[in-house]
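What follows is a group of structures, each given as structure tokens.
One chain, chain A, appears in both complexes that follow, with chain B as partner in the first and chain C in the second.
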Partner chain A sequence: MARYLARRLNLFFATSLVLFVVMFSVTAKFPVDHTVALTGIHAPTAEEQASINEAYRLDKGQVSQFIAYLEQRLSGNLGISVTSQNPVFNELTAVLSASFELAFVAGAIALLLGIPLGVLASLSKHKITQHTIMAITLTGYSIPVFWLGLSLSLWFGVRLGWLPISGQINLLYEIKPVTGFLLIDILLWDSRYAWSAFVDALQHIVLPAVTLAVLPFTVVVRITRSAMMSIMEKTYIKAAEARGLRTYTIVMRHALPNAFIPVLKNLGLMLGAFASYAIVVEVIFSWPGVGAWLVSGIYQRDYTVIQGGILAVALIIIFLSILIEVLHTAINPLSRKELYAAH
Partner chain B sequence: MPPIKIYQVGHIPSPLRRIWNAFTDNPFAFAGFWAICCLILLALFGPLIAPFSAAHQDPQALLLPPSWDPAGTVEHFLGTDDLGRDIFSRLLHGAHLTFGMALAIVATALVIGFVIGSISGMMTGLKSSILSHLLDALLSIPSLLMAILVVAVTGPGLSNVFWAVGIALTPQFVRAIHQAVHEELQKEYVTAARLDGANPLQIFWYVILPNILDTMIIQTTLGISAAILDIAALGFLNLGAQAPSPEWGAMVAQGLDNLLTAPWTVTIPGVAILCCVLAINLVGDGLRSALSPIRH
Partner chain C sequence: MPLLDIRNLTIELDTPHGRVKALERVSLTLNPGEIHGLLGESGSGRTLLAKAIMGIPGHNWTIQADRMMWDGQNLLDMSTKARRALMGSEMAMIFQDPISSLDPTIVVGVQIIEAMPENKALPWWRREQDKRKTARQWLHKVGIKETQKVMSSYAWELSDGECQKVMIAIAVANQPRLLIADEPTNSMEVRTQAQIFRLLSKLNQLHNVSILLISHELENLSLWCDRLSVMYSGQIMESGPTADVIAQPYHPYTKAILDNIPDYSNPELHKTMMQTLRGSAPSLQHQPIGCRLGPRCPQAQKHCVNQPKLSHHKDRYFACHFPYYNEPSHDEPLTKS
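Our next item is the complex of A and B:
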């Protein structure tokens, strides 16, 4: 297992290195001055220019420049934003937490609703129930997310007026950032308005989270259903039935843990699509997350923001997908067989 | 005089015939199949049957509702947008941008993915792992981020969408084909062929290729639906097709200003994208279940 972990860690570093090489070569191709693309400083003074040259070793060869680039980026120096003149790193940490919050809530909705529904779909003997669930998931899988977001905000936000459709919280509330995660910050907030602020924040998160949850929800339902259907045919389930166990026990103890393995694997494969969807959802609902920040960065041709955002998001996705792969191996003894077999 | 049948001849359908029969047994998948055929025809000949051109503006008919609304007219079947452009005609003109380009992107990605994936799948050890993991870095950049990167370098436009979505899709094909080849390579019938003295090229072409075709077909249908959604999302974010273009995602973005007064300018292109992707997913699902008795 230790050897396996070392190999995965190695893979993480190798993949990240490739990502940095890609970003380094793309940075050189941005249609602005190379120093602006690297640091975001327009018209630097002579001293600034000298320090930039020194920091990024612009007078040396490509390899040396790449190492300097890597040093700067890994030490947290992502340059300053061309438009706001703030350090990109600070802006990034502020928006990342909002994105994580949204992604976490959406993922929780998808898993909490998707797994029970998938199990129900696999157990139900009614053709109609099965077909309905499959039709709903297939539609959810095919729906363009921006259109879904617009329709939901038109109906529930404008026509019915039930839910707010933009932002993270009503501007009336001024929450001190402690952890960066708004919902946790509100709970830590010591004020008599804390509860109403919490409800307000929850109302704001419903529409974006539901829109974002549709894709993982449909995938979870479909994978859970097909995994459960193949597992319920297995002989050990028959044996459990023969022993007289209740269906509930069979499903919860013997079938579901095994059905969760392919679900986990597919969650890892879905991360990229999920991130793309999250960007669109954040733009539609003006969610102050990394996606909306990146898209406004590209509209303003803010090259340091684009670089910083893409690096951060891609690194997070690489890390999470390797983490999910490791988890998958840890909970699935069958996939470990391949680790030791030599081929 | 017709020949007299003395013996009962049992007709055994060929494997391809059996897949086709299993596929047509599913009415939803078959409906999706016909829908895709119609879409291909529309992508090719749509501009010829469209009643108006994509850019034709009728100042007498601004924001006209669809024809089933009392205020609508049959002349503009699906209504008009804020510049008086006929939405039905624009959808027809946009079919080859959204659907046709998705097909082109997937075809390119499939060819490149097939070549790299089968080479890396046939190889073993370090070389194979370097080739397959190199692309993991690209796979980890979501298609939208890739598009943002491409747009940052070259500026927005429809041709950049081709590169952005293509670069984002290719690693998926490489990975799927690599894994399929790698899995088949472990099986005993491949060892048998090798013992018979087949060289690696023969093993790949005659032994492995027929058995990974189903993976490739399924991956292709998945790729097309992902490509359509990506192209439309880029058009919506104004990073792909630009404003006057009748690309379906861009049409949604153009209708956004009138969302409250004229929701059909957003709804109708959205429904078009939904139907298109739904048809492809229905066919993909049908193919998967038609191929599955062979796969297991």
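Our next item is the complex of A and C:
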């Protein structure tokens, strides 16, 4: 097992290195001065130029420059934003937590609703229930997320006026950042308005989270259903029935753990699509996350922000897909079978 | 009253090639306390019959029967819940394919403990411990020495034989009234086979467990069974007390199987052709009408395109229009010349 983990870690480092190589070579191609692309400092003074030259070893060869680039980036120096003149790293940490919050809520909605619904769809004997669930999920799967986001905010935000349609919280509340995650920060906030602030933040998160959850939700439902259908016909389920176990016990203890394995695998495959959907959703709902930040950076030709955003998003996706693979191995003893080279 | 009484059970399967009758009008009577052998080739529908009795049909099955009586109750009229209550406590089954009958993602021990009977006399917090103890005892009884090691392994880490023993332990632990053993020893070495058969027959004698023993080996069945039913392509050919059936088979198929057993006592027969029926068993999609043995039967006549009813003579049942009914039992082998 330790060897397996070491190999996965190695994969993470190797992939990240390739990512850095790509980022480094692309930086040189940006249609601005090379120092600006690297640091974000416009018209540096002579001293600044000298220190930049030294830090990035601009007078040396390509390999040496790449190593210097790696050193700078890995030590957290992502340069400063061209537009706001703040360090990109600080901006990034602020927006990342908001994105994580949104993604976490959306993922929780998708899994907590998707898996039970998938199980129900697979167990129901009625053709109508099955077809209805399948039709709804297929519709959800094919709706474009930008249209869905706009329609939801039009109906529930503008026409009905039930929910706020932009931002993370009402500007009236000024929450002191402790963990960076707003919902947790509000709960830690010692104020008599904490509860109303919490409700307000929850109301703000509903629309973007639902919009973002639709795609993973439909995928989870469909995969859970098909996995359950095939597993319920397996001999070990029949054997469990023959032992006289109740259907509930069979589903919870024998069928679901087996059905969750393909679901987890597909979640790993879906990460990329999920991230790009998250960017679109953040832009639509003005969610102060990494997606909206990155898109505004692109509009403003803010090259350091673009680099920082891409680096962060790509690293997170690489890390999460490897994490999901490790989890998959951990909960699926059958895949460990291959590790032991047992047949 | 028989423990299990099945009349004219027909199972149809929906396949991509249309609906096929996998079992056609099968009748089976099982008395309490007997070991009943079910003899048949693979593909003759033995497992289907066993699963239908257990009540674990596949999704594409259609089951029809005149009656399926379990101890005076009709199984076909029972609700799923009542049926499930019967399984595990009154009926149990040993499956043919042991490794895939155990959940691959859970260790074997959990699955054994799950099936152990609860000792209601103990307070609830000690029941789990008690179950674990009985599980280990049963594992030991079926011939597993390293019980702790087996209980903490996954099904795919064990050998076929060990899995089969685990399945047997699970099945017999509740001391059911009927135990359906579907090829219980097909992946074991001969010594363990004898051990398992001894265990089954001990269960039968001490706890009055009726056993439906499914196998393709006539030798084993004739050794352990009180009664024998012979199946071919989803039809029952013959049924009766083992000794009588072997001494004088009424049905051409039973006779063919008995002739199949090589006879080493007569040196004259050495190197003669082996007695077999012509051709091979038909596939599920291409079953002949009437008596399914028809095309291969040495006794077949025009009349055999109608399925023969199960007729009985004294204690024996057979489904044949032209049985070896009044022939002498010490019939000369056909090819002797």
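One rule holds in what follows: the second predicted complex is superposed on the first by the 339 of 343 C-alpha atoms of A that agree within 3 Å, B and C clash if a C-alpha of one lies under 4 Å from a C-alpha of the other, contacts with A are read in each partner's own complex, and residues count from 1 in each chain.
Definition applied: a residue touches a chain if its C-beta (ideal position, glycine included) is under 8 Å from a C-beta of that chain, and two chains touch if they have at least 3 such contacts.
Quantities reported herein were computed from a predicted structural model and do not represent experimental measurements.
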Do chain B and chain C fit side by side on chain A after the overlay, or clash? fit
Output check: A:Arg192 vs chain B and chain C. Expected answer is one of first, second, both, neither. What do you get? neither
Looking at the overlay, what does A:His126 touch: chain B (first), chain C (second), both, or neither? neither
Which of chain B and chain C A:Val22 touches, first, second, both or neither: first
After superposition on the shared chain, which partner residues are touched by A:Ser151: those of chain B (first), chain C (second), both, or neither? first
Report for A:Ala242: first if it touches chain B alone, second if chain C alone, otherwise both or neither. second
Larger contact residue set on chain A - chain B or chain C: B
For A:Ile318, decide between first (touching chain B), second (touching chain C), both and neither. first
Touch test for A:Arg3: chain B only (first), chain C only (second), both, or neither? neither
In whole Å, chain B and chain C in the superposition are separated at their closest C-alpha atoms by 10
Can you list the residues on chain A that touch chain C in the complex? 233-236, 238-247, 249, 253-254, 257-258, 261, 331-334, 337, 342
Of all residues in chain B, those that touch chain A in their complex: 124, 133-134, 136-145, 148-149, 151-153, 155, 168, 186, 225-226, 229-230, 232-233, 236-239, 249, 252, 256, 259-260, 263, 266-267, 269-270, 273-274, 277-278, 280-282, 285
In their shared complex, chain B is touched by residues of chain A numbered 11, 14-16, 18-19, 22, 26, 29-31, 138-139, 141-147, 150-151, 154, 158, 271-273, 275-276, 279-280, 283, 294-295, 298-299, 301, 303, 306, 309-310, 313-314, 317-318, 321, 343
Looking at the complex, which residues from chain C come into contact with chain A? 51, 54, 56, 58-59, 84-89, 91-93, 95, 97, 100-106, 111, 114-115, 154, 156-157, 167, 170, 174
